[in-house]
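Before anything else, here is the set of structures, which you'll find just below.
There are two complexes below, and they share chain A, which is joined by chain B in the first and by chain C in the second.
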Partner chain A sequence: MTRLVLVRREQVLKGGQPLAFLIGLVFAMLIGVVLLLISGHDPLAIYGRMVEASLGSPRAWSITLNRAVPLGLAGLAVAVAGSMGLWNIGAEGQILAGAMMAAWVARLGEGWASPLLITAMLVAAVVGGALLASGPAVARAQIGVNEIITTLMLNEVALRLLQWLIHGSWKDPESHGFPLAPMLPDEARLPGLFERAHWGVVIALGVIALFGLVASRTSWGYELRVAGSSGATARYAGISLKRKITTVLILSGGIAGLAGGIELSGNADRITEGISAGYGFAGIIVAALALLRPSGVAAVALLFGAVQVGGLSIQTMGVSSSVSTILQAFILFGAIGAGVFSRYAVRRVKNDKTDNQS
Partner chain B sequence: MTPASTAVVDLVNIWKRFPGVIANAGASLQIKTGSIHAVLGENGAGKSTLMNVLSGVYRHDEGQVLIDGEAHHFRSPSDALNAGIGMVHQEFRLVPSFTVAENVVLGASDRLVRRTAVEKEVGELAERFGLATDPSRPIWQLSMGERQRVEILKALWRNARILILDEPTAVLTPSEADELGRVLRTMADDGRSIIFISHKLHEVTGFCDEATVLRGGKTVAASLQVADTNAHELAGLMVGSSPIISERPPARQAGEILLEIKNLEAQSDRSLPVLHGLSLQVRSGEIVGIAGVSGNGQREMAQVVAGLRPATAGSVSIAGQEVTATPPAARFKAGLGYVPEDRLGVGLAPRLTVTENAILRNYRSLRRGPFLDNDQADEHCQDLVERFGVKTGPMHEPIAGLSGGNLQRLLVGRELSGGPKVLVAAQPTRGLDVKGVKAIQDLLIAERDAGVAVLLVSEDLDELFTLSDRLLVIHDGQIVGEFNPETAQRHQVGAAMAGEVVTQ
Partner chain C sequence: MIGLLSATVSFAALLYLAALGELIAEKSGILNLGVEGMMAIGAVTGFMVALETNNPWIAFLAAIVATAVFALLHGLFTVVLGAEQVVSGLSLTILGVGLAAFLGKGAVGRPPGAVLAPVDWGPLSDIPWVGTVFFSQSPVVYFAVLAGVAVSLLLTHTSVGLALRGAGESASTVDAAGYSVTAIRLAAVAFGGAMAGASGAYLTLSLTPQWAEGLTAGRGWIAVALVIFGAWRPGRAAVGAVLFGGLLALKTRLQTFGVDLSPILLSMLPYLLTIAVLIVISIRARNRPSAAPAALGQAYRREER
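Then we have the complex of A and B:
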């Protein structure tokens, strides 16, 4: 009798992760076909529409790129923390904090020149996200409080704070009693790039590339890799883990905050509760699929942007946009499942009584 | 004479192989009914593997497991439990928010847990064996000693006739350890058989009946009567001999004091005091060997010197500079090289590449602006690989693929490349093959000849006798004896390791 067992490969299969990603995508689309058939739709027509709406024209590309900006920055935020073995589950809240700070600066800076105002808004957004992450950062570094819990809970705090502002002091007197913040002035809007795409695309790419360079080439990035590989080795080499944990988590929060600022300035008319659309949580998936690598984050964010834009477009065909959420989830499942095989090989073994697996 | 008639446990010629390691190479063990039997051996001697075979965690490759004279082939710990074998692990497996009684019956009761009835029964069981504990208290409120009693109760509740205790006193204060000894005697008098794994020889001589010593996966002394032996004989058996490889180097004139440790005190990982006023000096051009039964503070001493564990009192000076409260990097700057006991995970980062590991000590000086100079890093790595004969694959592949000997060459080479004044090497040759041992020993001698002060912590007494210019014995966190390796006898050192006061 033989059976199949997983055996650890001596070296990770080259090109295994992109391949796993592709398998995940195919797997997810097959599941999608089943779901669509069950709900009485034509899968081919639906998929055609999704591709058309997300990648079929320069205009479609511009929408997808805009969508990829907060996904990519949130993914980078999670990846930065993840490269040190820390989990920032609070990117969603940090995006809100960034958007709030940017909105606040936009209120203060009425009448400022556009470049000055936008710069001030984005800097404030970074500060906002960093501030929200600083509590968990210090608590983790100094007394070992689990950052997963603290960052997760602060999401709720940030959301309630935003609601309180919108329902309270930021409520537009001309909104006829609706809890809405006033429209942003035109000076606070990021300039366009092409079609619907705005300059946030360039900023996000720049930030991702910059971090990629810092992580791979500087001694700061080297220390980060040492600390992420083994905390004991880092201590041995004289790298202060406390300082590293603090800076990395605050930096992570700042990057997520920037996503909030860009989203407000580039895509929104005004700050609303729904300004993030779950980008912070999707960012966790993006970072995981990218294996926490900056280059991977950009690519995965683009794909997720396309899936999300495609998912929104099929609502007019009577399909729930949840389809895209389900697809994203199954891409992750499929890719993680397939990713196992880049680290393990399947072997056939003879089943005999004296085998000594432990 | 047929031992099967009196032996409740009879392990015969057990072999257990893991990829690349033979953990048990014909180990045997016989336990008499109603006795407390010590199993002794250094780390890696095969004690844990043998106990895991007996308790059903591992399956042995060869040999026989006889319980009451009957052969068994356990497939799981529950198989072993059905045969009456219970294990009390070193790491407790308790649910912190459950009460004592709930933990005791967890998984062992198929009726609904009726709290009061179960608490009463557990209380009665505890009382019978003198295991003072309150069955209704949650685990998180209990001390380590009390938690251990709960673990023992769990085994008794499951009707274990044979109890294995894996280093049970490591988590206990001395008075708790004495208390445990009394409990074990009560259980033995009740007809149960106890297997007691320990490094602490005075406990073995204090409350065990028999002792079996393992070394290198084999039984080197079986069922010694504790009454007929003594601690230093046992110590001598544990730290046996390996083939002497390096020639004893000619002695040199030692120079100025480069490493000075004064009245050092520190705590273990479990916050128990482990160093009790340890003092020593190492001079330029000498190798000072530290001999001791493991668990007597040598590991912690090396960590305190390296700055990886805080000293609670006393001082450490490197080349005349006091470094007691400084971070690890400052000690490196002051001239310390450190080869830690845990190569992979402390000395080397497993997921990083060969080059990245090679520059761990000097990356701060390999900069070009804010960037790390990759060319210089590669050059440094190449230099280490060539000078210290490291056999390695591509330098940009993770280090985890290197063999133990090559990992150690890279690590020792890196520590030496900075030109240290003091080198602390903890178990530098443990687990290496003959060639690897020789290479590392030769490096230590070469450094000594170049005027470095070398502090060598080793479990291999032969290695210490061969390499050391002075041999110090550590016991219970203090230096208890100093020997001249050229004239000292092994049994004298063994006696000191066992804590017996000796003078040479």
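Then we have the complex of A and C:
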């Protein structure tokens, strides 16, 4: 009797990941076709509309780019932590913390000149995200508390803090009793780039490129990778693991926080509970698909931005926007499945009894 | 007051069901962060099948089976293909919430096709207070109690339980003892899905009973928290379930008691308490074996043993 097993390849297949990603995309679209057919829609018309709305014109591109900004930054936040083997599952909460801090600065800085106010808001956003991540960072570095769980729990805490503010002291007296924060002043809005796109696109690209350079060209980035691949080696090399863990997680939180600040200043009229439309969680998928590489993060974020914008556009055709959520998840599952085969080969082995009992 | 206690028991059962499933999965070494998505699948399946069949029991069973199959997607990727558990689990949540919204679109706002009516325990149900709080609950509540006892006995008193715990502590040892780690872990993940499905169906067949997008409202995350709060023990998780369930029940009733505390701030407590417990567990783990399964989160490949 023979059975199939996965055997690690000596070398990862070259170009395996982009190929796996493509396979994932095709796989997800096929599943989408089935779902749409079952629910009585014309898949071709729906997909056509999605592409048209997300990539069909300069205006469509500008909306997609805006959407890619929080996805890319959240993806980078996860990738930064991931480069050291840490999981920041708290990007969603850190985005909210960043947006809250930015909104708070916008309240304080009434009447400030626009460049000053926006800069202060974005800096505050970074601080907010970093603050929320600092607890898990210190707990992980000093006591070894699992950062997956702490960052995950703080998502829910941050969301409730935001709800509390919106229902309480931040409630607009002119909102007729609705739990709404007041509108942001015009000075707090990020300037436009082209069509609907705002300067956040440039900032996000800059941050992603900067981290890509730092990670690949500096000794700090090198130490990070050493520490990520082997704690023992890092200790021999005199790298302080505790400090690295703390810095990396706080940095990761700061990047996610920046996404919240940009989202508020660039895309929103006011801060709401829904200011992060699941970007923090989608960012984990983005980072995973990009194999934690900054260049990959930017590319995947752009594609996910297009899928999400496309998903929103088909609501007018009577299709739930959750189609885009489903597609994103299946892209990942398809890519994981395909990705396994770039690292592992399928071999047939003889399955004798002694093997079972060994 | 009696409404508060009764709601505490209901919410505790809701959280406990999902937490028991996650506990078994984690005990076998598989972290499944897809509980929120699995609950959504269970909730929508239960509601839709009830609309079709008008039979609450068929609906409840269908939710359990459908969610177990759904959970096996996580099993396929993490157990068979060895993918990163955190990524696969979160994708399962995203997929589950999305699929539930997609499938349930036509059911939003519709009255339930059937509900699991409270069990009538005869004279027991007529006892003042106790009867209302404990003996007028949905059958799912008693199912949760039985499941808790069963899981507890399974883990501590059976060879299956021993093998399951072994898979989460030292997979190669269990493998050497002649058990299939893959089979154990797949079964544990499927069980986790089944229980999350039961929990979700309890929402749409008893507690709410309606379907709306986002109905699970983060309760799946509380269930994940509960496993840690209970230090991976069914008994302690039950205590935590009553505590967290009480907080959920209290949330909507604070004003009636004239307490000047925002219910929103109160709802942070389960998460903050869980973080506190995790810190205590981590500090204690310095001097003795940790409460967490040692191989939690690690893929097992026999050929790389």
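To be clear about the criterion, the second predicted complex is superposed on the first by the 339 of 358 C-alpha atoms of A that agree within 3 Å, B and C clash if a C-alpha of one lies under 4 Å from a C-alpha of the other, contacts with A are read in each partner's own complex, and residues count from 1 in each chain.
By definition in this document, contacts are C-beta pairs under 8 Å (C-beta built on N, C-alpha and C of every residue); 3 or more make two chains touch, one makes a residue touch a chain.
Note that the coordinates shown come from a computational prediction; the quantities given were computed from them, not determined experimentally.
Undergrad: Per the overlay, which chain contacts more chain A residues, chain B or chain C?
TA: Between chain B and chain C, C touches the greater number of residues in chain A.
Undergrad: So, does A:218 touch the first partner chain B, the second partner chain C, both, or neither?
TA: First partner only, chain B.
Undergrad: Considering only touches as defined above, state whether A:143 meets chain B (first), chain C (second), both or neither.
TA: second
Undergrad: Touching A:246, do we find chain B (first), chain C (second), both, or neither?
TA: neither
Undergrad: Should A:313 be classified as contacting the first partner (chain B), the second (chain C), both, or neither?
TA: Neither partner.
Undergrad: Would you sort A:237 into first (chain B), second (chain C), both or neither based on which partner it touches?
TA: The answer is first: A:237 touches chain B but not chain C.
Undergrad: In the overlaid three-chain picture, which partner chain does A:229 touch, first (chain B) or second (chain C), both, or neither?
TA: first
Undergrad: Taking the two structures together, which residues of chain A meet both chain B and chain C?
TA: After superposing on chain A, chain A residues 356, 358 contact both chain B and chain C.
Undergrad: Hey, which residues of chain A end up touching chain B in the complex?
TA: 10-11, 217-222, 225-226, 228-230, 232-238, 240, 354, 356, 358
Undergrad: Which residues of chain A touch chain C in their complex?
TA: Interface residues on the chain A side: 5-8, 35, 39, 87, 89, 135, 139, 143-146, 148-150, 152-157, 159-161, 163-164, 167-168, 278, 281-282, 284-285, 288, 320, 322-326, 328-330, 332-333, 336-337, 340, 356-358.
Undergrad: Which residues of chain B touch chain A in the complex?
TA: Interface residues on the chain B side: 16-18, 57-61, 306, 308, 327-330, 332, 338, 340, 342, 345-352, 356, 359-361, 363-364, 366-367, 370-372, 374, 397, 401.
Undergrad: Could you pull out which chain C residues touch chain A in their complex?
TA: 31, 33, 73, 77, 81-84, 86-88, 90-95, 97-99, 101-102, 105, 176, 178, 213, 218, 221, 224-225, 228, 262, 264-265, 267-268, 271-272, 274-275, 278-279, 282-283, 285-286, 292, 301-304
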